[in-house]
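In this document, chain identifiers A, B, C and D correspond to the written order of the chains, with residue numbering beginning at 1 in each.
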């Protein structure tokens, strides 16, 4: 009641003002519009109505408003209830006037209040924005807008779309609109059967979700012919969907494999080449992840590049730690591989507790660079997540680099020499101690790099390492100790196997089955997939 | 009708009095040395990725013979022993111990229990255990798990061990840890471990490596004394030693037998010399330098 | 040389084998039984600090009954049998008057027999599956009907959700909660095929296929929501995967029962904005009590970025109630305090008062919050008035006839209203 | 039977330390028990029930360490999965205790354990049948670990999986079991495992007398197993075992089927572990999948290493010491005890390759040599 009253008063107050400025463009007009004041008063539950009124009132002039609102950056000044937009985030927050965009440097966080938004409202705003954007310049925006609308087609939307369909130049958008139209035509009972059938015909090659749902609805349509047509259209669509689902699964498998590869490749060196059972391997990964965290702390405004700094940094940190461990502990345990297990286990305990005391036992936040987030959409049913893609590529890159290093470089030569016949190599004047330290450092360093990658997928916490150590051992043993190629194959085999089992058996059982498989496999081939030949094996 | 007959026949066969079921028949432990031959090695082939270690090798060793195998490194001497003792599987060929034991179907333990003892190039004894225990372990006894658990040394066994200790001259060191012995003594101990298990066939790989002159002499005596009731195959580089013990010598070259005969025949054998042509020989035509 | 030092070190540790020193009785001892190492340390250390802070505050106020409070901290190291052992140590060796502790259900279950045998007193501050009420334990966390049921109602009524994914880690809390929810949803006429239940192991880190399944399940045209009982560590990769596969909170909102401010502080929340959580407390709630508590906390931890969360409030309430109960009873004797506890009222941090009911569970308000990009929650819905914690769910066939009432005449943790029998007591 | 007995009495029962050790062990346990039961609470010598249960737990661990030492110290098989056998034995006992609860569970269901009730299972899974019989449960407690060990060992040793590979495989084994037992569908109580036990053979588990007698039984069994193992290892079979450890190939060449020896030793050790587990559960009052976690199994190995492998007593002492240290550290410095523990492991492996017993050996031998020199001069 009195809300309305104030409203009237305000309108009265604003009338001359708005007239006066009519010439200077609509923005100021709307900045004074009563509906906008409603934003600062209405309860969340009543908001949708307001949104509709605003759309009716301002149309695309309000687009920036809706956008800001959707992003949750819309605030209003407590004192005069004028709308402002929040810029920046975290510590350095500034405000600027909505519409005009004049900066308001002296505005403090205390003085403003947020215009709340919840899921329901977001949904509303999206569809409104979509409707407005149908006439946007950017074709991709238009296409997206139409897609948004597929779910909520009704008479007047169709009206607009028909209009657009004639004008539209861009083929993709035209196709999308056509899909929308035929979807509506198909479901519209008032149309003749032939029209509806042809519409369904048109739909049968679209992978759009909403199209499928629409057709599913049609399958129990009163009109038998239509129902049948919809049904077979659906079948053909689903077949294609199935095929893409398979591709999806394969990708999941590869990506899991790449993670396993990254985690285990360092071990393949320390364990495979040096025969050191490094229980602290997981902690090397952990150190890498924490390095990423620290790097991001140091360059909060350049998250996107932080990774490129983190990779070498992590390599150094973990590598040095590795060298340290080798020099202090492992070099004293030569020829006693099983003892190294005990010592390194002790070390892993120490490292974990160290991290706990320095960084607290809580998980640490590592943010994903923008260029790594999101996904590569190939079609409506198949999209590959970017970070996984990058990590897959990265894993292979690291692997190849390592292989080259071991094959070509002098270090690699020495490493292989030492791993095959320590004494002979010593006799040939190879500095075996130095080589050992370097090898161990290398392995640990790579573990560190793995940590950087994992920090993009999972927790960065003191227990990060533990969750990967066993899998890593499985991969190395399965692939065959001392054989990088084996590690590669093993990692991807296990990854894919796991992912193809998962849908049928569930995650836990899949893991168990894979383990049992490895155990049995080792009975058959005690030296793994690619056993080491010759004297080195003994 | 006929089927009934058959089944009845089958039944009769099954219950024939004059023979037991095959799976009940005791495995012939006795080595059948019908025609004085104890070891038949025929057409043996083995290659490690490409490199032919054994190349269609044939070798026959008579019962109670003392045979020396010589040949340059990589000639396949040790590999041959590995195959005979079941350490490595060969690609093709047959190895028979006596006429009735196909060694290729058996594993190390079986072969050892048949009475084929082996001494390794590098002396391997159980360093953590005493000389006595080393010998006790090698005794010829029932070597299944439970019997071993409940076994106690019978007086005769103890005597046997003492006897061997005397032979190998380690009486004083009987309760010493084997690891504490000198290289030569380890050699002896290993030979002792062979003796105590009184095998039919001894395969001895470079017995005198690292032995002093008189130790070598004693080894020679021992081996010669063994020959007769046991069969001995010796691989050795030290030509002096070979000359001192050898009746028959077999020269291996690139995985197959190059020549066979007495020491003198070998030294004047064309092939042998040809193979080692261009390599210097000392005036006695001794091939020691060559072969070592 | 080094050998000697090591040997002497061992000898030294051996020398301390004499029975543990028992403190003089002029202090009131508060046992703190939270893992400081191992997998659970991540959540539990915070609660340890909270208790220490509360003790400090209480001592500033002059302690209790004229005695100072003394905190006794032990580390059960996330090892469940160790929880039982440490409880015995606290009660028999240290002779503490009260224990604040446990996070996981299994740790509580392992402590239970000991604490009942030795008639100790424990406050359990974490939301849990219910189905339990012990004479010696007070449950200040949420029972399923104080978290799950309201959350589902919100999703159904406010967001019009018709299709449900119940995703959880495979242990008792999610299993029970999901059973309750399943029954509840079916009562509300949700069809079998509109409910998808999925369990994953602890610390599950590879969510690709599950998330894409959820996505498929959600693309059937009906509004879909995920009710997540996924346990602490597995959440980060789960949400990261959601973000990466482009599932926004408008498409498929996720309401979580184990994700609080602390878990969020461990990840980048931008892709999570709009996802939901149901708790009895949010740091963002603006009340004087809360303001004060938060400032206290930040001062105590000397870290301006530390966040507060629901289990901390539960600890806070539990501690204050205990303090009051001790005042009322005039003693720290367990039985007296236990009786004095029932009916205790202390202010919530979110406004209003929490009441300790006869079944040793609290009456508290329930809030639904949306995750914001600053790692905080924005309260979007709350129950009008408080909800009474329910020890025994009405939606489980096994327990619908059971009630807990620790006052005369019943005096029983699981009293069967049908058979009028009281079972499962350890004394 | 008679044969067995006089076999046992025959020959050197163990190295020179065993008998004194057994005597000390038993007398301490008896004294402690007496002090707990007879002395009044406030007496200075009173041993609290807490300490009794603690000691009982340590003894179970000691037994477990013994099991590991037998195969690692004497046969050179490093098992990183012995926790699995321990846990299996524990679960067998746990299932028995669960069945003993009967209708005293929270839901008062006479047949089903509580966790089955609220997961709303209808009838008892087949593998729970018979577990209400003590003898049957005990048979299972040794049979299941033994069988698993036999199958695994038979597969692994026959195909000559050795060294590191074997260790990793045992780790995989226990890890797989860990995951399996976490699953609630398995019907072992999932993550919560089995707990809230009431009584064993009709004796109240919370009564001091019951605890003390469990403690005594553990001590006695430990003593018996120690002597038995000592006897076995001092027989010729023991010598073969050492031979296998030092040079398996050589042992084969003198005619021993080493794989058989390894399998049976592995089974024996697994059974001991199972017994330890069965004794452990009633004393700590809970069994859950955590016991399967590979970390635990590694810790066992470390107890042995600390004590000195290849000496049974060493293993026992190691287990007791390390666990005692753990208890102390968690009490003294809750935040930092992992540092101490980790450091201990590193130092021991670096400077005491033969463990504490080795150290003792060195010291005594030094003294001896000194003595000789004096005698000479």
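As a convention for this text, a residue touches a chain if its C-beta (ideal position, glycine included) is under 8 Å from a C-beta of that chain, and two chains touch if they have at least 3 such contacts.
Quick caveat, the model's predicted, so the values are computed rather than measured.
**Student:** Sort out for me whether C-D or A-D is joined by the greater number of C-beta contact pairs.
**Tutor:** C-D
**Student:** Using mean Cα positions as chain centres, tell me which chain lies farthest from chain A.
**Tutor:** B
**Student:** Taking each chain's centre as the average of its Cα atoms, which is closest to the average over all protein Cα atoms shown?
**Tutor:** Centre-most chain by C-alpha means: D.
**Student:** Which whole number of Å gives the spacing of the CA centres of chain A and chain D?
**Tutor:** 46
**Student:** What is the distance in Å between the mean C-alpha positions of chain C and chain D?
**Tutor:** From the centre of chain C to the centre of chain D is 35 Å.
**Student:** Taking each chain's centre as the mean position of its Cα atoms, how many Å separate chain B from chain D?
**Tutor:** One centre to the other, that is 44 Å.
**Student:** Please tell me the distance, in whole Å, between the geometric centres of chain A and chain C computed from their C-alpha atoms.
**Tutor:** Roughly 30 Å separates the two chain centres.
**Student:** Could you list which residues of chain A touch at least two other chains?
**Tutor:** Within chain A, residues 353, 508, 511 contact more than one other chain.
**Student:** Touching two or more other chains, which residues of chain C qualify?
**Tutor:** Those would be 36-37, 170, 199, 201.
**Student:** Touching two or more other chains, which residues of chain D qualify?
**Tutor:** Residues 179, 182-183, 335, 338, 348 of chain D each touch two or more of the other chains.
**Student:** Taking the complex as given, what residues does chain B use to touch chain D?
**Tutor:** By the definition above, chain B touches chain D via 85, 87, 107-109, 112-113, 117-118, 120, 124-129, 133, 136-138, 143-145, 148-152, 193, 197.
**Student:** List the residues on chain A that touch chain C in their complex, please.
**Tutor:** For this pair, the touching residues of chain A are 44, 72, 89-90, 116, 118-120, 122-123, 126, 151, 209-210, 212-213, 216-217, 248-249, 252, 255-256, 259, 353, 356, 360-368, 373-375, 383, 385-388, 456-463, 467, 499, 502-503, 506-508, 511.
**Student:** In the complex, go through chain A and note every residue touching chain D.
**Tutor:** 271, 275, 277, 279, 329, 332-333, 336-339, 341-343, 345-350, 352-354, 357, 466, 470, 473-474, 477, 481, 508-509, 511-512, 515-516, 518-520, 522-524, 526-528
**Student:** Chain A touches which residues of chain C in the complex?
**Tutor:** Of all residues in chain C, those touching chain A are 36-37, 39, 41-42, 45-46, 158-159, 170, 198-201, 203-206, 208-210, 212-213, 219-221, 233, 236-237, 240-241, 243-246, 249-250, 253, 262-263, 265-268, 270-271, 273-274, 276, 370, 372-374, 378, 380.
**Student:** Provide the residue numbers of chain D that touch chain B in the complex, in ascending order.
**Tutor:** Contacts found on chain D: 3, 7, 10-11, 232, 235-237, 239-240, 242-243, 245-247, 249-258, 260-261, 264.
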